[in-house]
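Below are two complexes that have chain A in common, paired first with chain B and then with chain C.
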Partner chain A sequence: MVSAVPILEARGLGRIFTRRGGLFAPRSVLRAVEGIDLELPVGGRLAIVGESGCGKSTLGRLLLGLAAPSAGTILFESMEHGHRSPADWKRFRRESALVQQNPLAALDPQMTIGAQVAEPLTVHGRARGAAAREMAERGLVEVGLGPEMMARFPHQLSGGQRQRVVIARALVMSPKLVVFDEAVSALDVSVQAQVVGLINAQQHRLGLSYLFISHDLRIVRHVADRIAVMYLGRIVETGPIDAIYRAPTHPYTQALLAAVPRLDPRARRPAVTIRGEATASAADGPGCAFRTRCAMAIARCASERPELLALGDRATACHRAGEVSEPQRERMELVS
Partner chain B sequence: MSRFLANRLLRALITLFLTVTFVFIVLRFSGDPAEQMLSPDATPEAMQAFRERWGLDRSILEQYLFYVRNIASGEFGFSYANGRPVIDVVTERIPKTLILTGAGLVTLILIGVPAGIAAALRRNTAADRITMSLAVGGYSIPSFLLGLALIYVFAVELRWLPSSGSGDWRHAVLPIATYGLAGAAGIARFTRSAMIEVLDQPYIRAAKAAGIAPIEIVFRHALPNASIPIVTMLGFNVAGLLGGAVLVETVFAWPGLGSGFVRAVSQGDLAVVQFMVLIFTAFMVSVNFTVDVLYAVLNPRIRLSDHGAH
Partner chain C sequence: MLLQVSDLAIRSRSGGVRILDGVDLQLGAGEVLGLVGESGCGKSMTCYAIADLLPAGLVRAGGSVRFDGVDMGSLDEPARRRLRGGRIAMIFQDPTSHLNPVHRVGTYLEGALKRHRGLSGTDARMEAIRLLERVGISDAKRRMNAYPHEFSGGMNQRLMIAHALACEPDLLIADEPTTALDVTTQAQILDLIETVRAETGMAILIVSHDLGVIARLADRAAVMHCGRIVETAPVEALFDRPAHPYTSALIGCMPTVDPDDCDPPRPIRGSVPSLADLPGGCHFHPRCDRRMPACGLARPPLAALADGQSSACFNPVPTW
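This part shows the complex of A and B:
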């Protein structure tokens, strides 16, 4: 499955948003994404998780070339985004796709479902007229929607149906790379399960490589092989999803996993909790952005930013990584 | 959609009926037409004869029923001022006004909508700021003042165009420009904000991610969706053009409904004023109805509302 050359690669990727200063407001800089390195192998399924506002969606847009990075490079099949000619871009668009969060807003309210699903086919000259409609219809059937959907408008569909349409449109060109940005977050849990099943089925069928951006750790486990946890624009922990879930080493990952609701009522309450909210200014200084909410923070965390250090096939950005193991969590619980 | 349109049609008819009644009430209570039309030293017999001739001696209710019946049967009476049938006095002015407002509408759309689109696509650039400054300026200047300024520049100083009258096409240029520039300013601002709103929608990002060319995104996805609020705004503009006719036609001495209305009011020619108000109202009501129809055509949520959608 994994070939030598990753399908998608990012190095030192950063994106800064500046707000112009007003009469009373100073000019402010928000580091939405900073210093991101990632590799997505062919057929890879990478989950990006983190709280809202941590830069996951911005990262997805940068990787798809829908927003311009302030720093760093992105390579798709070894070609840098920054070196693409318009024709190269068009080819990239043909081979990549985006599935967005709110499926109603992601569909043009004035266009029929059929026209929207067929549009990429005609734009890229893959098919036109009746042939394009037929392919669109087949694409809808593949996501479990009937041909009667073709003539409908987005507002006539349910949320789950709309999300299937968005996925059908993303997959109609048989892309190599898909970014699912909170693709199931807006759906009911039962519908989420269906859409997750659908994504898995399509991944098997097409051999997709994808990024699955989500804040929901329960879902992510069912759709990804690897996970990258983001906090305030940076990756703080990454690795194979099973290993990370079994033994998270970064306090933030631990807290996220501890906060996942469990079905077992006898399961113990989370041992690690985080206080307050993520404050973007915490990412500006020299130290660790998470230190302001971290129960484990020490003096060094305020003065020196922890690098993302590799340990086998996983990596963590924490000075105290590894110290925070399972037995220690139990002790922390006793203390608190 | 049929239910939506039937509903709007019923509303339009009710508006017309209320206007008919309102016009009657206001005009009957705004003074004695006999005193206004005849000279102050007219004899009581002459006044009486005038009232009898126009049916002003009957009870208000009788006059009202008579009036409604006449309107319903297309009888609008005669001008108090010159005895000609009101319908002739007014209808000969209608084409004059329609030429100006129609051409004015086309001009304001042709200038305002592209300017707004261009500004939205170049948001926060110098081109955007210049366009919007011009638009705010154009929006702020009263139309009659703009008309006078155009007369001064193009008729008085440059002597390219006539300042007033309605002989040939050259007379129409300045009034049309007045309507077009004043209206374009508002529509440009509105088009810009409507386009910006739509361009920020996720389905535009989806279209971009699908590799659809920017120009196609604008004309196939953004503009059709922005056109719903723009069409609504254009409806107000048409209403504004008709209202503005009172000023603009007077400035350019253009013999349309607007200047005719000013004349009829100043002469106290009740029968003419009454009919003109009805004509204006009918225009407004049909513009509103047209906007509603377009709205339904453009918006599938309304168009398909009878088919069991949520």
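This part shows the complex of A and C:
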């Protein structure tokens, strides 16, 4: 495949939050996102995974221009966010959408479903009145909801139906770029399967390019082609999902995959897990942020930060990338 | 049988909506029973009914809960209170909201040790520190003075487990103990629960909507749908040859991390019906691929198939 110009590109992207010092806590700096490079080709489907607080939502908001970066550049269709005129921003807003983490918070309890799905159309001057309503109705049908939903209010819908409404609203403008932030995480598996089918169908129909943020390593395989694993604000491993799931090279990716419970009761082994929890301070200073929990860590890991090094279409940030760790060996023994 | 739940029914006080409808569960000493089903099917209310902690809006509408041979309904309130938090301990999905924010970790554990084991002073303190170490909380001595809000969700769940262990229970009820946690922390907590059960031999009722958690921990599993148990089986049989079409459909919805498992998760058609407006007969029939005319008319009883497997279905999936 000839690699065309990516629809979205980020270079050296970073975002710092300063935490005001408390009574006993000194003022501190949190690197929520740090040194992120990524490229999303047209029609690309990229999953962003990692533990809670690793910066997934912040990254999504930065890319959509909903939060300001502290460092780095973002290009959408080769135009830098930083160089956009107000008119360019308007166009970008029409062509991009965010599906928020919490569908209940994303919907206005006082407004009918129809009005909420039609809202982006009127806000962006795409359509109004009967035409907007008709487009909204079609959008609802596309996500498998009947026209009778138009007059309902959010509280009259199930969780799965609300999530579909949020997706319908995000897609009603036929955007080019979408960030799905935990779009299926709160749903029951039966509904999750429906929504995943729906996202795939819409992706085919519209040729969408998207980022799919999730902490669930199981579901992302079915909505994305590539994956970026984040740890404390940085990408530690990235590449095609199947290749990475087959042979993760970063100890963190290995540990994450090993921690996912299998559907096979006979596979129950002492789950090999990583010690402890992520502590933001581990990302400060030199060295690998994962070293405090890493079973493979050596002296070099504390003194020198591993760079994200490319190998073919994959990249890993680890001094011992590709060496077989204990969790990984156990997994391989299980599979064979 | 350590725990025998028979024909348990719960309904809401106001509307009369049936929340649980004829639930049967058995749990032997030292056994781990997994209870699985989709949101709202009644898993938590089953736990609360067993632990005698039903919310105010709900009432028992029939059936019995026998613990160690004694009908809990026949006990007076002080006796029930001694059981609850004593021989029967419970941990929850959201540990932080079940912990009193003004109590230090040490006070919380020492209180339980005093109430249920008569320990006080240095003895209680030493034992509390030992419990914290046992559940994997490092630097336990210093952590005795911490408050729950200074702990992460995973640490608070460890604290809840320590609290449960303080009473040396015979039965631990764990309602979605890892649902709010990262997968890495979840694996740690599941390991801990497994270790603790191996050490103490206590029985566990583990509730989860995640079949993976059930596969990981349970000896036997019960599948719940709209307030009824639709299948129960040894956990290997449940995954190898699910008999109830709902069980089979639930397994089909589950994504995995196995790159060779190429099938996308198969949705179940339609949506979970509301408890206030349940379809007649088998509550699953409108969504079921195997339904027959009888399915909409009569309630299929939970019938034994083989090897400890039972299913409530007129047309179970062939299991040969």
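To be clear about the criterion, the second predicted complex is superposed on the first by the 315 of 336 C-alpha atoms of A that agree within 3 Å, B and C clash if a C-alpha of one lies under 4 Å from a C-alpha of the other, contacts with A are read in each partner's own complex, and residues count from 1 in each chain.
Criterion: a residue touches a chain if its C-beta (ideal position, glycine included) is under 8 Å from a C-beta of that chain, and two chains touch if they have at least 3 such contacts.
These numbers come from a predicted model, not from an experiment.
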- [ ] Could you check whether chain B and chain C clash or fit when both are placed on chain A?
- [x] fit
TODO: Examine A:Arg93 and indicate which partner it touches, taking first as chain B and second as chain C; both and neither are also allowed.
DONE: first
Open item on the list: Touch test for A:Leu64: chain B only (first), chain C only (second), both, or neither?
Closed with: first
Task: Partner chain(s) touched by A:Leu46 [first = chain B, second = chain C, both, neither] - done: neither
TODO: Classify the contacts of A:Ala321 with the two partner chains as first (chain B alone), second (chain C alone), both, or neither.
DONE: neither
- [ ] Examine A:Ile167 and indicate which partner it touches, taking first as chain B and second as chain C; both and neither are also allowed.
- [x] neither
- [ ] Check the residue A:Phe153 against both partner chains and state whether it touches chain B (first), chain C (second), both, or neither.
- [x] first
Open item on the list: Residues of chain A touched by chain B versus by chain C: which partner has the larger set?
Closed with: C
- [ ] Scan A:Gln110 for contacts with chain B and chain C and give back first, second, both or neither.
- [x] first
TODO: With both complexes overlaid on chain A, what's the closest CA-to-CA approach of chain B to chain C, in Å?
DONE: 10
Task: Residue ranges of chain C touching chain A (in the complex, touch as defined) - done: 38-39, 152, 154-155, 182-188, 190-191, 194, 209-213, 215-218, 235-236, 238-239, 249-251, 253-259, 264-268, 271-272
Open item on the list: Which residues of chain A touch chain B once you look at their complex with the stated criterion?
Closed with: 61, 64, 66, 89-90, 92-94, 96-98, 100-102, 105-111, 119-120, 123-124, 153, 155-156, 166, 169, 173
Open item on the list: Residue numbers of chain A touching chain C in their complex, please.
Closed with: 51-52, 158-161, 188-194, 196-197, 200, 215-219, 221-222, 241-242, 245-246, 255-268, 270-271, 273-274, 277
Open item on the list: Touching residues of chain B toward chain A in the complex: what are they?
Closed with: 201-203, 205-213, 216, 221, 224-225, 298-301, 304, 307, 309-310
